[in-house]
Amino acid sequence: MKKSRYAYYPGCTLKTSAKEYDISARLVCKALGIELEELKDWTCCGAASAHSIDQLLGIALPALELQAAAKLELPLVAACALCFSRLKFAAHELKEEKVRNLIGEVMGKEISQDHHYEVVHLLQLLDENTDKMKIEKPLHGLKVACYYGCLLVRPKEVTNFDDVENPQTMDRIIQVLGAENVGWDFKTECCGGSHMLVRPDIVVKLSHRLLAQAQQAGADCLAVACPVCHSNLDSMQKTIAAKYKDNIHLPVFYFTQLAGLALGLPPKQLLLDKHFIDPLPLLMNKGLM
Amino acid sequence: MARIGVFVCHCGTNIAGTVDVTKVVEVIKKLPMVVLATDSKYTCSEPGQASIREAIIENNLNRVVIASCSPRMHEATFRRTVASTGLNPYLLEIANIREQCSWVHSDDKEVATAKAIEIIKMAVSKVIRHEPLFPTQVEITKRALIIGGGITGIQAALDIANAGYEVVVVEREPSIGGRMSQLDKTFPTLDCSACILTPKMVDLGQHPKIKLMTYAEVKKVKGFVGNFEAEILQKARKVDHLKCTGCGTCWQKCPQKILSQFDLGLGKRTAIYIPFAQAVPPKPVIDVSICRYIKYLNWVATGQEGKKPPECRICEKLCPTGAITWDQEEELITEKFGAVVVATGYQTYDHSHYQEYGGGAYPDVISGLQLERLMSASGPTGGEVIRPSDGAHPKTVAFVCCVGSRDQQKGRPYCSKVCCMYTAKHAIMLREHDPEIQCYIFYIDVRTGGKDFEEFYLRAIDEAGVIYIKGRPSKIYRDGKKLKILGEDALIGRPVEIAADLVVLATGMEPSIGADELARILNASYDTYNFMVEAHPKLRPVETQTDGVFVAGACVGPRDIPECVAHGGAAAAKVSALFSQDTLTTDPLIAVVNQARCIGCLLCVAICPFKAISYEVTRDKRLIAVVNESLCKGCGLCMASCRPKAVDLRGFTNQQILDEVNSLWL
Amino acid sequence: MINEIRNKAKELLEKKRVECVIGYERATDGLTARPAFIYDPSEVDRLIFDETCVHNLSRFLIDKKHKATAIVAKPCDSRGINLLLNESQLKRENLFIIGVVCSGVKKVRFNQIEDSLQNKCQYCPQHVPSVYDFLVGEPVTETASRNYAEVTAIEDMTSADRKLFWAEHFDRCIRCYGCRQVCMGCYCYECFVDELDPLWAGIRIASSENRMWNTMRAFHLAGRCISCGECERVCPVNIPLMLLNRKLEKDTVHLFDFEPGINAETTPPFATFKKGEDLGISK
Amino acid sequence: MALDYEPKIVGFLCNWCSYAGADLAGTSRTTYPANVRIIRVPCSGRVDPLFVVKAFQLGADGVLISGCHVGDCHYNEGNFHTRRRFVLLRPFLDYLGTEKERFRLEWVSASEGKKFSQLVSEFTETLKRIGPRKT
């Protein structure tokens, strides 16, 4: 059901390496008349590390945010795919009374027995509100490869986001923005995620395949919904191109940035200049700036 | 006045060890109408039974209670014993004082004895109300209906017909032959499928006792074992098969073409067509959905809107025997049968559900069955294996096993059984087609349970140099002209990438479309995947819960050819055994209606799971329920729902059950 | 209103559309009503309809299954007709239903009429008959809401109290079977309670036998009682029989979402089932 | 509560599953209290509510109806109807003062001998706890 007010969980990266995602997201939601109420003193969701070390911790951390949102009696929206995944997992696990009690124990406080936590991703939020979008500058001529990453869609029974192999949520939004969404096969393949820190070689290999495929599919840029994917595809791109000696050059946007552009928000505000692969030339010669 | 004899069995120490049998006998002796109560070591033994027979005659007993093991154990035995003295076998009641008393109360002899006494009291109070019952006889129509003309149906039909009984085979396609006719060769012998199948098809087509109805469907079946009545819809062929000689001029000249279902979209067929060269009957039908003249007729009928289709009629002009009959319409034919064999077989899983493998999206990602058509000498490419996309000859071919099998995600958790072997077969045959072809097979497990299967699999590795990779691929995508398969070799734990020219998905089996609908028509049950459910998975594999309805072949579950043939034969044997009797004996433990009490609310008609209750109008214009004795299975649902207690169940009457309850407080 | 009924009755009888019109007429006491069977067009003026017309006349139709008959039906009576149609006790084509809009009928005791509605009317939301061929009266707007207050009141007792509560009532029962005779749902030729072999309920007037009778009478009407309240009205010892019927009605609505008499087609709850339904007993 | 009190349970068991299950309990020699008296019926759907009411009237402390698991009915649909009758009858008897703990419907398959013996033990326990029925 459509709502106009949401509890907002930015997550660590959006405060640091992915500022542009956070800011563009807030701006776009504002433009659509959607109120985002940031959770008070939120903690890390535990992504990537916590749950791979300690199952319980992996649920307890996001459970905190779920509780906070429940107190506000608002559905919780997450921007980062990893956070989204963790929150969804927690919500899924907390359906079990056993788990609820256990978590209550470790958190040292009574946790609400009402276990219908509503968690949505920013993509779903925008997709629901495309009708509210007043397109000032349609992104005509821009060929976008929508990249969802692996965590939004999997496992289906937990995230229940969209088709696992060929999701459409972002594509729909991109179309509304006036851009062209190219069909390609790697929408939900892994980019290497947090391996960037320990096994960059893996990331280079996987991300290269993604970029190469996107380019082969005729895309002239990528749209993503996850800060980790973004940093892999954007910041590693030069390294990748060098290693594989091919002329890959694909600006990587957050879908919120593209939305912002189309809604006529000033590019500066959207921090389009914060990317490693400078998207401005592309936007210029497409006459979008 | 009932004269009851009670026989308490020691069952060695099984009962006597826990229950004080002598005490029991003492108590039971004193019950009204009990003229004899005695015990014996082993009642079921010959001497035990003999003593019962003597006792019945000496004391001229007219009711017998045997307190021993569970009735599920020896009721039948003791019924025979009783019957052998001339007493009606249904005047017997078993008191279960072993399984439900001595064995479960071994810890307390007193309690067990007291309980045994009560159990026997219950039996006594019930047996008093037993009445002599007599099985009834019904005539049998010695004529079998076979639904499905695949190898299973063909086998069943031939066997029944050769046993001397009439058979009607109903096939929904224009020709019999089923899936097997689409195959090129069969594992593990690699003998040509057509060569072993077509002779059987011809035999069936020419058998004097078999009536073949192709292009027809079973729409309705009513009645019961021995006396079914089926409505069969004969679709309009627009061709008079009595006149047609099958010369083939029409389908050679017909200008209207469409992708052929038989070739799975790899080849074309005409509007007037036979599905394949060796079709039986070898006579065409007109596909009214595309025929130009039919289109023209519809155009005229619908007030000539839009562009005028050509008035083709070429087939009609060319037909030497004037067999084309445009006015031929579909007709509903009603036939009587004594038994039905369901052999509707399977279809392969639609691989377009596997987007991650580009199923349906990439022309060069094909199903196993499509490869069969490509390899078949009578197939669309005349046996030349080429890539559907560009006609190039593939040099690297990758197979993926368990597509639509063993996959929870796709709702197909079961193993389709044949894919491992047919994939090995494909690999071997591809090598024979072109020695330069390198095959890779991605598998979860290679299952070779069958005669010569393992050897065949090894042959694929040793002779055809197939490379088996353990693990289900994660993705298949187009990379230039090639298809990239991403997977993991689970044995070495490394990711693997293979660039192939052609990818073959070993699609699994699922029941043919409409299997569930047919099951409902036959009042037979089907599982969540719409496979038919056998009466018992081990002991009654070709029967269903509905008497007279048999199932065979792949409509019950994934099966290979020899199994299907065996099941077809098994079903045929059951049918023949049924037909070898002149009448059917029905169990007398069924519902009876007291017409004087019946108020005709017809609640029972609605409830009966076997449609065994109908109604009729009496002379005084009252509606009353009537039980069909051959359909009634004696479940008792009707009497439990009958307010005026107008219907009752022989052997478990209201009075009897009530008396059993009462006896506990007497 | 009454003239409409009389004219329609006259017309039906004159045109030989029906052989008999079943309605109400003034009883000899001059104030209560009683059932009337009109065969002669000239007698239609005997017919009346007002707040004293408490009886559910649909029961009389059962004997006229094969005769063309017209009947004056209040909403509750009309539900009865639907039930009988559903249980193939009536033939619709032989039936002409003069439906009357009803906003409740008065409590009637012997030869006096109290100035309050019958209990059944106080929670009856229906004012227009479910089925009719000809409707008389102005539609009423305000509707009572169906409520099971007095049922839940009993549910909330401890089972000991409940047992006591019913024991007190059932002990009074004299087994006159008036409740059965007046009920249009109790049309069995031979009621289970009259059966001797098997003997479901003893003939002696003992509380356990009475309990047996009252339990099964109600249960045989489970999913069938259309709450016309006749059983309770005729009970000479004032056993609150509707409390039994309405408990079952409450559960039937709740569990099977079924209300008897709304139409003649819907399959009653005991004649069908849903494979997936849980009904709150799955383990 | 008087511990020496031995409740009497009338058990209506369907011939194909539950009665066989009870037999299995015997064959595998699992012991359970001797408080249940088993009446064999072809199908749990054969059990007329009258039998239940009658059993209670006569003085049964508990009544058990047991049949094949839903979907496994030998007669395909029998237990679906049993279920519908039960869910209406049980609360009704409770309404009339017969505690609902005294009336149970349980699915016991032919292979669940253990389950049956546990069921009887547990049922007997419950009945002992709530004590004799005062009629």
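Just a few scattered comments:
Read from first to last, the chains carry the letters A, B, C and D; within each, the first residue is number 1.
One rule holds for everything that comes next: a residue touches a chain if its C-beta (ideal position, glycine included) is under 8 Å from a C-beta of that chain, and two chains touch if they have at least 3 such contacts.
Quick caveat, the model's predicted, so the values are computed rather than measured.
Summarising the inter-chain layout, the chain whose CA centre lies farthest from the centre of subunit D is A.
Across all inter-chain contacts, the pair with the most C-beta pairs is B-D. Centroid to centroid, with C-alpha atoms defining each point, subunit A and subunit B lie 51 Å apart. Computed from the mean C-alpha positions, the centre of subunit A lies at a distance of 56 Å from the centre of subunit D. With centres taken as mean Cα positions, subunit D sits 35 Å from subunit B.
Counting partner chains per residue, subunit C has residues 192, 200, 270 touching two or more of them.
In subunit B, the residues that reach two or more other chains under the touch definition are 607, 641, 654, 658. For subunit A, the set of residues that touch two or more other chains is empty.
Within the complex formed with subunit C, the residues of subunit D that make contact are 49-50, 53-54, 57, 70-71, 77, 80-81, 83-89, 91-99, 105, 107, 134-135.
Within the complex, the subunit B residues that touch subunit C are 596-597, 599-603, 606-607, 621, 623, 641, 643-645, 654-655, 658-659.
The residues of subunit C lying in touch with subunit D in their complex are 154-155, 159-160, 162-167, 192, 200, 208-209, 211-212, 215-216, 218-219, 222-223, 244, 247-248, 251-252, 255-256, 269-270, 273-275, 277, 279-281, 283.
By the touch criterion stated above, subunit B contacts subunit A in their complex at residues 355-356, 358, 409, 475, 477-479. Taken together, the subunit C residues at the contact with subunit B in this complex read 65-66, 87-89, 187-192, 195, 197-198, 200, 220, 267-268, 270-272.
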